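We just call them A, B and C in the order they show up, numbering each chain from 1.
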Amino acid sequence: MIDIQYSPEVAEARAEGRPLVALESTIITHGMPFPQNVETARRVEAEIRAHGAVPATIAVLEGRLHVGLTDNQLDRLGQARDVAKLSRADFAACLARGGDGATTVAATMIAARLAGIEVFATGGIGGVHRGAEDSFDISADLHELAKTPVTVVAAGAKAILDLPKTFEVLETLGVPVIAYGQDMLPAFWSATSDMPAPLRMDSAAAIAAAARMRAAMGLDSGQLVANPIPAEAEIPAEELRPVIEQALAEAEAQGIAAKAVTPFLLGRILELTGGRSLESNIALVLNNARLGAAIAVELGKTRS
Amino acid sequence: MIDIQYSPEVAEARAEGRPLVALESTIITHGMPFPQNVETARRVEAEIRAHGAVPATIAVLEGRLHVGLTDNQLDRLGQARDVAKLSRADFAACLARGGDGATTVAATMIAARLAGIEVFATGGIGGVHRGAEDSFDISADLHELAKTPVTVVAAGAKAILDLPKTFEVLETLGVPVIAYGQDMLPAFWSATSDMPAPLRMDSAAAIAAAARMRAAMGLDSGQLVANPIPAEAEIPAEELRPVIEQALAEAEAQGIAAKAVTPFLLGRILELTGGRSLESNIALVLNNARLGAAIAVELGKTRS
Amino acid sequence: MIDIQYSPEVAEARAEGRPLVALESTIITHGMPFPQNVETARRVEAEIRAHGAVPATIAVLEGRLHVGLTDNQLDRLGQARDVAKLSRADFAACLARGGDGATTVAATMIAARLAGIEVFATGGIGGVHRGAEDSFDISADLHELAKTPVTVVAAGAKAILDLPKTFEVLETLGVPVIAYGQDMLPAFWSATSDMPAPLRMDSAAAIAAAARMRAAMGLDSGQLVANPIPAEAEIPAEELRPVIEQALAEAEAQGIAAKAVTPFLLGRILELTGGRSLESNIALVLNNARLGAAIAVELGKTRS
């Protein structure tokens, strides 16, 4: 077992057996510019507290795994440069050799499990990249959901990905995908899509009960809660589709490849929507934080 | 551990340490019409009893996991509507919220393991769908075989699938594929194919010994026994190929997509073969029940 | 737990707690002709001894798992015919029914774990075959690295494979890929490639520390050390590329398919390079043996 640095707030919550919600840190280091990233992180943490749970933002600082960041640590991380973006493959190496690292969905799930945290709220998971039938570029987040028993609350997978293939892979890997409160899957910035959800649940209690049942059956995997962005903050799919297609066409025309594609697409979508994509992104993360807190509260009622 | 409802027959067999063979229930709810489905299920169960083992048909009834169904329960399931088709992803959710569910290969393997049953007989496993290089549509059965230590006796994968890709995925995942009594893989309705089998075994005892050896090595996965349909009941591959191709062409022409494809293809193949495909299907399931019973008997001699 | 036959040398090393390095045996039975195969195997073993560790060549002889081969056993294996090439899927079956088998990367990892050996040195791992977007032909070695906690030292994946897809799959599966001493990934016969390495480490101690950290985090998987061939022995990528392309074109023109492709390609590359590819192959295996020994020595300092 590794040594985990808990913030005073998280340490106290653990001692008192209060519900905890894990948060990732790549959204801070790679998702938004300073100081907007730190401000958003604080709003997300506050939203979790306001709904009865305790936020635990996860990051690696100087080679130590932190679960819960103090104000100073969050400020420092928000301004740090050359922070590694950690997934399952490089998480241990970062801890072994020192240095700073921000955790993706996969790495945050791993850390949450190590810290005994059962729920994790984020924006969107990674998935199957467009063109993966030729590139084989598929996020490690999908296999992590198949391996690590954490409930992940997200607005689905990021809509620049190939969403149908992403949900096929999750089905193949046996990962429950639960649309919250509707029959269709959400699509990140858009509240709905034309893809029926494999499962639908309408309460945090039902989601918590499903997690408990999976554990009782020995199915040690996660579940993905696909939580639609609030209607007032969404960019409808029919409005967003041409924007994404334009960004994709530009990426291809300019020869943007490999790991440069995602940041390029997100940057162009931000410009082409006049900043709305970022506002939507913040709204959906806050929404996921609220549902994550509610699930953590429900899980807290039945912890063994 | 979850609460399992054992039928009186299965409970007695467990108490006496007699050999058990698991059976799935989607063949009852989604494979054939009533009353043929219930009649066939009873014939399969009788075949297992006649060969020295006890059948344990698995299903979820009103949110409870049943291992072994009474006559009344089987009748009720055979006529039920809107029964969920459960796989690894939605099995726990069905148990958590109640309702009825029939178990696919993946879910039956999970339930068999929970009930301590080491052998499961079925018709054909799911696999890689035709066109999966673009759709990524691959059954969760394949990953379940890689994860759950149950010996599955089937006539290979259903022949409407992409069989070569299905066997490639099983090899990649490290799943033993054992042709019973011949060098070539069977192809569901056809006793043979042009695909050499990775492994061949000629007795139930050899299959049981391989399962025991995998467990001793800590390889906690299943093995697939590909048992050829009896010669007198087969539809030879060269006769079936144009039928499958016609059905596929019709599905494409009519725009049948996603989860509607498999039932459409099976229905058309039934019509185009004048009912022979269903007779073959019943014959191969009975044949798999016999071999499953023989393997269970052999495993019973060496249970630790 | 299965019964393992340790050679006297390996048994003594285990009793004394000395560092061990596992070696595979398909390189002996399927990689080179006799007597060059046995001579090379002896040179590799000697290289490990010269660097402070004890070699443990792994094979199945008459249905028993051997960890460490005596001189006689190695001679016999080097001249045996019809030796099975064992991977995860067929390893147990070979032990259960008897017979001889040589272990691939996947099977050697399984055996190393059973024997408590933490490091394994080889030439190149298997991976994604060219054309796998249509054939789905992907080596079981990749999933084994995701499952079995052994550090594998190789010169990357064999360069006749689709290397970019191979490294994508390893990333998806969360397997650390560590280039040793350089920023770019090696490509088997060539010391470098145009693919940046996900991780770089410059000492055996760093690699050992990363393995220990993964175990402490409960990440029970392997790590791949991609160790570049020594500069003096390499065939530079720009020189090798047309050779590989010619061999691939010939394979296609001659209708070579399935399992016949790899031996055909390796044979043609040997001819087209006038024997240099084999010399390079031997040089890189010796180089990997040295690094494997150094890692085993480092791991020995921190064994719990």
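Rule of thumb we're sticking to: contacts are C-beta pairs under 8 Å (C-beta built on N, C-alpha and C of every residue); 3 or more make two chains touch, one makes a residue touch a chain.
In this text the structure is predicted, and so the values were computed from the model without any measurement.
Participant: Can we say the copies chain B and chain C touch using the same residue numbers, with more than half in common, or are the two sides different?
Facilitator: Different: when the shared numbers are divided by all numbers used, the fraction is under half.
Participant: What angle, rounded to the nearest 5°, describes the rotation that places the Cα atoms of chain A on chain B?
Facilitator: My answer is 120 degrees for the C-alpha fit.
Participant: Averaging only over C-alpha atoms, locate the centres of chain B and chain C and give their separation in whole Å.
Facilitator: 36
Participant: Which chain B residues sit where two or more other chains touch them?
Facilitator: 133
Participant: Considering only the defined contacts, which chain A positions touch chain C in the complex?
Facilitator: Within the complex, chain A contacts chain C at residues 1-2, 87-93, 95-97, 106, 110, 113-114, 133-140, 142-144.
Participant: For the complex, give me every residue of chain B touching chain C.
Facilitator: Residues 128, 133, 146, 164-165, 168-178, 198-199, 201, 206, 209-210, 212-214, 216-219.
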